[in-house]
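Look at the two complexes coming up: chain A is in both, with chain B in one and chain C in the other.
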Partner chain A sequence: MARSDCFRGSTSRRDFLKLSVAGAAGATVGADWRLRKASAKPAQITFLRESSYVKEFDDYFKNVLIPRYQQDTGIKLVYEIVAAGGSAVPRLVSIVESKAPVDAGWVQQEWLYREALLDVSDIAEEVGKQQGGWYPEIKSLSVWGGKWKSVPFGNIGQTMVYRRDWFDAAGIHTFPDTWEEFLEAGTKLKKAGHPYGMSMGHGFADNNSWLLPLLWGFGGQVVAKDGKTITLDSAETARAVDYVRKLYKDACIDDCVGWLDPANNKAFLTSQISCTNNAMSILISAKRDLPDMGKVIDHALNPKGPKGRFHSLVPVTHGIFNHTPDPEAAKHFLRWLMDPKQVAAWYRSAFMYHAPFLHAYDRDPEWDKEPRFKPDQRVLETGKLVSWPAPADRKAGEVVNKWIVIDMFAKACTGVPTKAAIADAATGLKQIYG
Partner chain B sequence: MVGELTWPRRLLGLWVPLAALFVFALFPFAWMAATSLKANAELYDPAANPMWIRHPSLVHYIDLFKETNFVVWIGNTMLVALVSTLISLLLGVMLAYPLARMRFPAAGLLAISVAVAYLVPQTLLFVPMADLINRMKLGDSLSAVMLTYPTLLVPFCAWLLIGYFKTVPRELEEAALIDGASRWRAMTRVILPLCTPGFLSAGIFAFTLAQNEFLYALLFLNTSTIRTVPVGVTGELIRGDAFYWGQLMAAALLGSLPVVLIYSFFVKYYVAGLTAGSVKG
Partner chain C sequence: MSTNPVLEAARPAARAVPVRRAFQLREWLEREAVFSWLMLTPPLLFLLAFLGYPFCYGVYLSFVRRPVAQPATFVGLGNFVNLWSDSIFWQAVWNTFRFTGAATVLKLVGGLGMALVMHQNFRMKGVTRALLLLPFIVPTVLSTVAWQWILDPGMGMFNRILMYVGLVTQGPSWLGNPTLALVSVILVNTWRGLPFFGITILAGLQTIPTELMETATIDGAGSWQRFRYVTLPLLMPVIFIVTTFSIIFTFFDFQLVYVLTGGGPANATHLMATYAYSISMGGGQMGLGSAAALAMVPMLGLVLVAMSSYVRKA
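Right after this comes the complex of A and B.
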């Protein structure tokens, strides 16, 4: 029997009426459910972040902000913490791909999944207006296709961290202002048994944070502003590579060529090196565990090159995944979080180690409590995204994740001629940019 | 007596290599213990001998228990490892027995596909697996890893057990069948009891793999109180580029104890299980 015949044959008028009544009742109940769902508060908001090296920062969120949010809104707030150094990005990618129940988070490497982020222009514009305006460079990351895909939070400042007592003993009383002076000082310090430890391994920040600014300071660039033209192979890049080779040979500890991010912390805290490029974590650890050393550590801006002084940003931005079941509630949470009543105290809970991208905090009294952290704020004045001057897109991300520029310098330090090291890097770039 | 060694030969041929092996095997544990028992000031002292403890301190153990959910992580890890090992052994036996003892078309191909399944890296599987877990609404629960770990463990257990089943003489099973036992009865009453060392070695190995697994645990276990040791420890004791070395080493040392105990109790069976089938009997 054909399907239509089957239905025709077995459905009486009485059955049809019953079905209609049941259908109408179902539709009414369904509509009612949808209405209730739209007006109901979500049971919880899940906010994901990488663990902070300043424990007080996570503690403040857990102990102050979570109870306050729950009291203000009646919505449960879950703070999910993932380890730094490689765990966050796979977690974020799996959240996006599988639409896992996470509403918002620190969207590391957002170029990988911008299409999965909600437009948060209204929040970003409002927060910017309210708190002195945004530093312009961060817009190159957060604004995409004319829309804010994330709300900037702060930059983890990467500066030169050095032993003032050893520099003084070598007759260097102010931190070198140029890369040439930096090399000269390092040569003296290495001879005195206190080499630099400049990371050049496959880490996530401490390598880019001095090698890219150095390249830019010498006038080199990886890819042009158009995001298409590869500009790495130049006389300026060659000069930067030659400089790094000499710096490594004359001023650095041998094994820094393969260091990951924790290695320079360990070497510094065990008094093996006199200077490195790092975030605040070394000084914070020293003040907590090694008070004597904590007194003689200082921070300084990166030296400048022939084309100026540069820093590489380590930006922290918060975004909302567009699969969140209640976008309005997630946006309300982010707006609430970025309100000065919440965010100002959260910044201050951790020595301002997230230097806010908002000008309202440029002269925050918190910076005066530990003047040695002030350079971390000044990084914002000359800070560029790792893709600079090219757009922070997926291709630029691939260059960073494959350590193409870092490997160029590391190869030169381990004996590869300058031309060959640059050619290898250029080949890697061509594979990405075509 | 043939083969008896004089004492110099015994010293050089047995005790010296044994001592070297002993040092090699225990060195990581000694390093972990020494690091976990030093306060940070001593840990970062360049003049201090890494293996010598001048001022023993339990501060890292106290912090580990007071400031993290370490006890909960240990409990979660044991539960997850135990359940996933039991599931994997059960499914592994069901897969290995027919492949080792019964003749049917494409048995060889199936056996190879088991080995191939074991070789598929987790990095290829984690995104579809995460999708599956979310569709089943199992995210952020221990069930998520209890059900996903067998995808790694079943092929391994089956492959190991196929080798073990093949070492048991077929005649024993045939005798049982002739005496009127069913295939099920012959398997459960004759073959499986003889394979206990094989189950133990597969079980211990599966337990260890489940206990150490990182990627799925990272992706599926989000709340601190439902994490396992590897993810809990790295999530809360590695903060940016600052490593809490003392607590990390204390956690690693304590986390390895259950497996050490299991190995020490069952090592005889474990070795028997691994070496079965390696020689012609």
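Right after this comes the complex of A and C.
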């Protein structure tokens, strides 16, 4: 048979081919290639951010800042939101790799792709000078090779979030000041049916935010300041691991060893746990949706260890991709955004969820509206980057993304002896640091 | 076609030539070899662009050191050597094999059972068949989030039922205990993949002639013997195909673990796919991540070759 009868219809093969070619051409022409001439004013600026846990923050940008920018400059501002919970870094990596049409954004884990970011020293220095100066620790992230590769925005404060009513009922009227007191209180609370829920799974913030400060507080460090010498295997680390194992057994809910970041919010808001380490989102959600619970939640700084009190920063910094077709326009946008006329109200729209790295906001009246949020600002005083004391570089990023330190603690909690858990982590570190 | 002699006469003679050309083009297009290639070219180009190119690029990346936003440096087999001494990688390999093996066996047994039941006549058969397809239809990310709630130790349905029937006073931590976490991801994968087996095997069952069953019954075969010596041998080709597909899908599974556990706790549920992803997209090591991803191909190939040679012998 020369040809199948099914092709003998009202549409001939040639018609079909013509349609296909026309369709493909139409799709190509219709695609938004966003080709722009560097010399002309850009049609739009695309700004990418991870969706905020505080809805008001994104709403403010969309409803106030976008129309204002368009009115001020005539340039369309596109706010591209990436879902929270770990999808932002892969999106940023793919933007850098494919040179996707995004001009600026919250450059999470910028140590992975600093080479792809524009020098924004002029903006950062100008903003710092204008608004009280920067907290020094953030410079270890934003400044690289003597140049600012990002403009710091704010820190998502991670503090101890606890049920004051249950602590009171257990006879604990002030939040434990030391890790030992924290264990003692947790043991009592677990016996009373209100365990802690301290995240130790493959999340990105709520695990590092208490395990690293705890390790540092006990005197342990992952890698030395030189960024080369692995210092994890020490007596101090062993003491921290033993402590976490005991804390998990005596004071925590079993499940927390595998928790991703949203899990502790869920457990806290369903009254399964009495304390966790988290950002403001639990209190904000409770005040909005569970007002009775909202009244009995409080925030406290991390307890201190033998070597002091520490916090782990969750920094938000904004950068410009150097593949932007119009660097000057992108820089103009970032400068405009960080102007107090814009940025101050944006910070306040989310109840200072992002504690500014700028000293001008240390005593902002917004902090007085909800005194329970004050510890989130004080985190900046003792806050360190996750790589501390080593530089925040690619290698440090790999340690975080392979959960090497987190898994050391999690393994100890699930039955691996301390020495073996530390040795596994040290082997992982050797592979990264060589 | 017009038959008006005046109009016919008015047609310029030259018009005949393009008509002739068009006719030749049509003839050429309608030749089987030409037309089949024309039809094949778009999907081939599509496959080359979206499968061939990424695969070849992945192979290239696996031989270079290529951090994000930095140029590549050729390292030969360096990435593979690096992985060879990486204990997390080997844990991910071991997890992947256990995950694939257990989930495939469960899906095969369950799917066969499901198909045999669906092959019977009962009321609401059509509706039941449609409902059984649901796990396969619902987007994985969505159903996995629902499973997160189901497996929640305090609020989850699983533990509520266990406590309600009095089996336990406090339910286990499904995603917090390393062993139970792996069991949980296997169960969720089985739940999601069961309809694929069930419906495909059901289609195979429906092609078995009823005469064969009748003959076997007349010869005195019981229901087990009919299943063992008539149904099962005739289903083998379908079972082989469906199992092969399932092994491939399960071996490369990513979404389920990524959403449910992120590979934790302490890497207990890290699969090769999730580990490769965390190295390249999280750690920014595109070369090393590609090597981890590429390592899945020969491993899966060996499994499939072993399986097909076993079936041929059988």
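The rule is short, and it goes like this: the second predicted complex is superposed on the first by the 395 of 434 C-alpha atoms of A that agree within 3 Å, B and C clash if a C-alpha of one lies under 4 Å from a C-alpha of the other, contacts with A are read in each partner's own complex, and residues count from 1 in each chain.
What we mean here is this: contacts are C-beta pairs under 8 Å (C-beta built on N, C-alpha and C of every residue); 3 or more make two chains touch, one makes a residue touch a chain.
Remember, predicted model here, so these are calculated numbers, not experimental data.
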If you stack the two complexes on chain A, which partner ends up touching A:W403: first (chain B), second (chain C), both, or neither?
-> second
State whether A:A279 touches chain B only (first), chain C only (second), both chains, or neither.
-> first
Which partner does A:L112 reach: the first (chain B), the second (chain C), both, or neither?
-> second
Could you say whether A:E236 touches chain B, chain C, both of them, or neither, answering first, second, both or neither?
-> neither
Would you check which partner chain A:S52 touches, where first means chain B only, second means chain C only, and both and neither mean what they say?
-> first
When the two structures are overlaid on chain A, which partner does A:V93 contact: first (chain B), second (chain C), both, or neither?
-> both
Applying the touch criterion given at the start, work out whether A:T270 contacts chain B, chain C, both or neither, answering first, second, both or neither.
-> both
Would you please give the residues of chain A that touch chain B in one complex and also touch chain C in the other complex?
-> 90, 93-94, 97, 203, 266, 270, 272
What does chain C use to touch chain A in their complex?
-> 26, 29-30, 32, 35, 38, 42, 67-70, 82, 85-88, 152-155, 172-178, 181, 261-268, 277-286
The chain B residues in contact with chain A across the complex are 40-41, 44-46, 126-127, 130-131, 133-134, 139-140, 215, 218-219, 222-224, 231, 234-236, 238-243
Inside the complex, what are the residues of chain A that reach chain C?
-> 2-3, 13-14, 17, 20, 86, 89-90, 93-94, 96-97, 109, 112-116, 200-203, 253-260, 266-267, 270, 272, 394, 397-398, 401-403, 407, 410-411, 414, 416, 424, 427-428, 431
Chain B-touching residues of chain A, taken from the complex the two chains share = 46, 48, 50-55, 78, 80-85, 87, 90-91, 93-94, 97-102, 156, 203, 205-206, 261-262, 264-266, 269-272, 278-279, 281, 284-285, 288-290
